[in-house]
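Look for chain A in each of the two complexes below; its partner is chain B in the first and chain C in the second.
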Partner chain A sequence: MIDIASQLAHIVGERFVSNNPEEAFFYARDPGLMPAHKPDYVVVPKTASEIQEILRLASRERIPVVPMGAGMSLTGLVIPLRGGIVIDMKRMNRILEVNEKARYVIVEGGTSHGALKAYLDKHCPRLRHSIPDSPATATVAANVMIHGQGRLTQQYGFNSDMVSGLEVVLPSGEICTIGSCALSPYWFSKGAPLPDLTGLFLGWFGATGIITKVALKLYPRKKMRDVEIFVTDRDDLVPDMVYELTHTEMVEDINIFAQPMPMIFKDNHHITLFITGDTDEELEFKRKMVWNCLDGFIKSKDGGFMSVPPVMKPTLLDMPQRSVSRFADVKKGGGFEYSGPIIPVETYPACTRKVMELGSKYDLAYSAMARVIGRNHAMMFGFAFTFNRADPQMMERTRKALEEGGEFALAAGGVFWKPTIDEQRLALEKMDATTRDLMKMIKENLDPLGIMNPGNWEVV
Partner chain B sequence: MKYEDIVHRCFRCGYCKFTGDYIDFNCPSYRKFFFESYSPGGRMWLIRAWLNDEIKNSDRFQEILFSCATCANCMEHCVFTFSDDLVNVFLAAREEMVNQGIIPPAVRDYLKNINISGNPYKEPADERGKWAEGTSVETYDGQDYLLYIGCVGSYDERAKKIARAVGDLLAHAGISFGILGDRETCDGNEVRALGEMGLFQFLAEQNISLFKDLGIQRIITMDPHAFNAFKKDYPGLGGTFEAYHYTQILAPVVASSKIPLKDYRAKVTFHDPCYLGRHNGEYEAPRKILHAIPGLEVIEMDQSKENAFCCGGGGGNFFTDILGGGDESPNRIRVRQAHSTGANIVAVACPQCAKMLDDAIKLEELDDKLEVLDVAEIVMRALDQPT
Partner chain C sequence: MYTLQFDINHCKTCPTGDCLVKCQFMSLDKTEAIKEMIKIAEGKDSPVLHDCVTCYGCEEYCKRGNHPFYLITEQRQAKGILTAPRAITRQWINIGEPRGKARLGQVKGKVLSFGFMPELLQLVRGRLFEDVMPSYVFGQEFFCNVVYIHFSNTSIIKERLPQVLENFRKLGVKEVVCMHDECYGAFASLAPAYGMEVPFRPIHYFEYLYGRLHDLAKELRPLRIKAAYQRPCSSRLSHDTHHFVRDILSIIGVELVERAYQDENALCCGDILGMNYGYELKNDVQSRNLDDMAEHDAEYCVFNCSACQNVLATKVAKRGIKPIHMIDLCKMAIGEKPSMEVS
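This part shows the complex of A and B:
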């Protein structure tokens, strides 16, 4: 019998392999609520060729492999459901190239959003990327892998729509480039004008390959940025308000939150609008356009702009918004999870009512947090609950509330985002049967041994 | 365990690992080992698992806990309301392990040496004040200040040179001070950081009683670690003295041009000691001194002040070396960061940092490009320049 740990040590160096109980404990879980399952080994590779070697070893020995970024997706996607090797990607964190004029960046597969932001702040002050509000450790590759959304999502779509090239290690250990980079030194397109092969990987949660490089489109960064909050107590009008706002094409990002605490927030919906400009004039023009487009709602007394206190502005303008993570300790218990289906904007009122209903049914502190995707094309709707990690009953209630929230959104025409394995099962059941067969075919062809993040997107 | 009530509140979001601007990971042990378990969040989750009997106290667990440099980067950047207590949680867990007697051998040896000899070097007490021989530094006898040197400055050859520079400089500046010489004993900061609270209390009480007997009210320390103990921990044990780091005393003197400094042409980058900076909020005093030296160009590293990357010597690691070894050890990373600024001197204000970075320069083979000097040594050079 071969000693897997020493084989892994041979590949990545002894220091970067562990089969100790401490790492097994930590990497068996994420901060969310899915049951833990221990890996047999955890490795922290430095290069794509080390990952190739690991996958070759895993194929030979039929050992499951689970790539992990920061583990912040919260829905158990990095839990090694069948043990095996967890590959912690975060040592592969170099920013490899910025093409200023073509506005894209190439980063390694474990680079964090925080590090990318810091790099651009320092070296490319006229460029920015669509940073999500996940903790700054969240990785770029994993975020596009789960079709995340960020500050520029209202303007340019899902963060994965902004990918302009990939390097992927296939389960066989082979490595390939996807997009223009497959035949050009430039990484400007993920597919067009060729067949777009990124769909074989993005959204698959590492079940078809491991991303070792991502190219991401960058966008102009304006010198100034400001925030306005439009408040309404009419949930039924929120979709119309968002429609008007997106029509202006003046807004950077639109987030909506509704939560019972603090008291002044109760029963209101806060449409948080970010605007940017290179000059005061530009900013003021955009502000005026935004104010004007909601004028009708102000006149009918259905809402109004609240004056954002200066102390609140830095919190809202923060990127990533650290205050979102603070929600985890509202109950002094370090727990936070959200089911975040992608829903038609018109279902916002029903979803908000549902999250409130779940909050009172399960006696949980909740927040409805939504981000508009594209020009009103859809929205991520977060059924977000905070829980106390030392209170198993509260954790169980939260689990139930999340499950119900997700199922409700599915029935209302939404689609699960970063689904748990149970939600993946539901999605596969509900899906067009031919589509499901197509997914099965792709998975079986790319990963015939079924070693890649097993349990995920498994059609049985 | 003390602080047990907050251990479950860590969300493990990882802000604690970074600098405030996310330019790089800034937790020394995470940066070296790169497993989540060696990050502050990892420690929180593992301590909880240990308390719940889900993992045992193993060699690995000890390495995880004792490789924390107590640099307080996590306290600075954690987004939660319990951030101020993060290092306290780690120290409380170490205390539990010490009480159970299951600790790394290097930690045990350090504590044993302090217990027996009053210093980690197993040197006799009468060697303590030898560094001052040949200087004008006097024994304490009712002067305005006690100059407390600490174990490293008293016994380590490199640090003794810094002690002499600090002593000479204070004398040159006309400060009224004296030293304890062979009556000085360990301040206990590292003993506390390694979780031996009983021994720390003993040392602190011994020092407090000596200081009181001698009528000492104001203390200047050379070592930020001692400064931290006197300022933060001694008052709780009845030792309320005015404590200063020597740079805090010298900064106004130098700024007022009381000491005429000559032109000294060099490029310097300052490395903030964690126990002066993050632990005690003093970032400006050493910089003021450096900026007052004519001809000196001061360049900041990306990771400075609140975001300074620790040399890896804190939390007892200077003595136990649990965090040392390999090219990703914190002192080597820090030296590379200093070198990348184009500086030819990395300035420090802590004998432990000086030694850590000196060692790293040799390992990085940068001896001919970069030199580690304490702020006091730099000022002495500026004084000694030919006119």
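This part shows the complex of A and C:
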């Protein structure tokens, strides 16, 4: 019987391993609704070679391994369902390289979005990345692992579409580079013109390997940024409005929300859109295009641009936008979760009505929120509920509401985003059988022992 | 039920038709103007009901005691002719709904009324207001609700304004210093036009400031600056107080530039125009207005309404003109610092 804790200590150093109950308690849960399950060990490695050694040890001893960023994905993806080792990535937080002219950055697998933003703000004022609205501790690698979306998603797709290279430690302990970096010093492409192998890892929730480096495309940062909010009482017209807006190619980000509180937001749907420019003329030109593309709706009185008071603007323009985190604590007790399918924008009316129905059925504070992905290609639609963690009944009602929301979205043609294990099971059931077999081949080959984040994408 | 007092006979014998002849958004001669106004008063449809952009101007242009704009609003509502997108109207109705959260200072016989414009709370610090503060009211319970005439909705005003008047009556106040034109317009113009009894004397804050500047005459230092005045739409409802602009500016040593969009010809901030009618109208009005300020070498743009200031401050500043609220300007004249940043 070998002493795993001391073997881990040997790899990462005493201070960075724990099997104490305090740490086990903390690493057993995330801020969402999934039941807790304790890990046996928590390690906080500093290097890729330490991760290689941890995975070799885990393979030898057949111990489950769960990589963890900030644990903010909320759907239980970092809960060690079968115990084992949680690898907390936060010490691997270096920004390794910025290629200004080719506009990409290479970061370590535990670097947070907040740290990357702060670095770019300070050192690369003409560059930006697609920052999500999650708390600033959320990590870049985990965010692309779950196909997150950020401020530039309407223009450039999922944040994972902006990946331009990976370094991954395979479950076997081998390390490999994916993309142009596999044969070039430059990390400009995640695949093309080679076969794109990032699909073996992205979206797998760490079940096929651990990202130790990720290169992310950067984009021009304009000097000015402003926000406009178009309001309408016609949910059925929202898809057409978004279609017109995306047609202009002038908007940075498009978010939609409907919620009953505060009073200023009651009864309406709000299309929040952000515009940018290097000069007043550029910004004003874009504003004009954006306003005028919705002029027909203003004339028919089906919608209009509200006056955004200056006091509201800093909150809206903040990155990440804290209002989501604030909403998370409406019921006090800090519980917040959303079921967020990726679904065509045309389903916005049906989805919003469903959130409202669930809010009143289960007596919950709700928000319908959506972010447009690509030029109207899809949206992330959030069935979002906030709850008090000290109120188990409210938590149960929330769980039911989320479950119903998820089932509804799946039936409406949506695909779960960052699904819970139950939702993963549903998705696998519904999936084309050959696609499922292909996933099985991948999983069996990369993780034959099934030690990587077990419970997730369990095709085998 | 409150009914608008409007005398069609005044229109039938009107020598000018000024209400619509002077309208800056329509082009009607005297005969057409009178004819259309009579049609509206008779409850008939008129192009005016479709083309009016709610600038409030005609309320000032009519010198025969009628209320052409209130009438237009009534008739639009009766005919279901919308000015604003429904969602905008709904939003404003929701934010104006009383929630039992009014804030009261130490209310005395004379009280400042802020409606629910929070910016005003910081403006009233200092010596100009020391003889009345901290006697104030703030919150939806004291919000005049007049803004809904922009949204062709007088029924909500008729429902809420009497309650607001009742709230003031219960406080037992004798004089209400209205810190916003629309509030003054509600009590001095709209409520009487509908036969609502106003249980106190409304005082426009310009009148109050003018009096205080006289009290503090020894402290006054002429500012020696050239300023344009941004007249708000709601000042059309309280045009009897418009002379205070010149009165105040002259005693604090501010030269009012005599520009094209002055007094009766003033252009509004454009915010409501954008919400109701879109970019082109808003941009046209704002551009003409700001170009006019710049062409007349205004160094400052003096705001009466903090909502206009919110909308235009950055835009005027970009033209090298400093935005400032009238109260802040008066503070500067008595050696105090403005409450809002003058950029």
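Note that the second predicted complex is superposed on the first by the 459 of 460 C-alpha atoms of A that agree within 3 Å, B and C clash if a C-alpha of one lies under 4 Å from a C-alpha of the other, contacts with A are read in each partner's own complex, and residues count from 1 in each chain.
Criterion: a contact is a pair of C-beta atoms (placed from the backbone, for glycine too) under 8 Å apart; a residue touches a chain by one contact, two chains touch by 3 or more.
Here the structure is a predicted model, which is why all the values come from computation and not from measurement.
Superposition of the two complexes onto chain A shows chain B and chain C fitting side by side, with no clash.
Of the two partner chains, neither chain B nor chain C is touched by A:H247. Once the two complexes are overlaid on the shared chain, A:K266 sits against chain C while remaining clear of chain B.
In the superposition on chain A, A:V231 makes contact with chain C only, not with chain B. Look at A:H123: by the touch rule set out above, it reaches neither chain B nor chain C.
Applying the stated contact rule after C-alpha superposition, one finds that A:V42 touches chain B and leaves chain C untouched.
In the superposition on chain A, contact is made by A:P21 with chain B only, not with chain C.
Set side by side, chain B and chain C differ in how many residues of chain A they touch, and the one touching more is B. Nearest C-alpha atoms belonging to chain B and chain C sit 19 Å apart in the superposition, given in whole angstrom.
Note for the complex: chain A touches chain B at residues 15-16, 18, 20-23, 25-27, 31, 42, 44, 70-72, 88, 90-91, 112, 114-115, 117-119, 121-122, 135-137, 322-323, 325-326, 328-329, 332-336, 388-390.
Those residues of chain A whose C-beta lies close enough to touch chain C in the complex are 231-233, 263-264, 266-269, 280, 287-288, 291-292, 295, 297-299, 301-307, 309-310. Considering their complex, residues 8-15, 17-19, 21-24, 33-37, 42, 45-46, 49, 54-56, 58, 60-61, 64, 79-82, 302, 326 of chain B touch chain A.
Chain contact summary for the complex, chain C toward chain A: residues 82, 84-88, 90-91, 94-95, 97, 99, 271, 274-280, 283, 310-311, 318.
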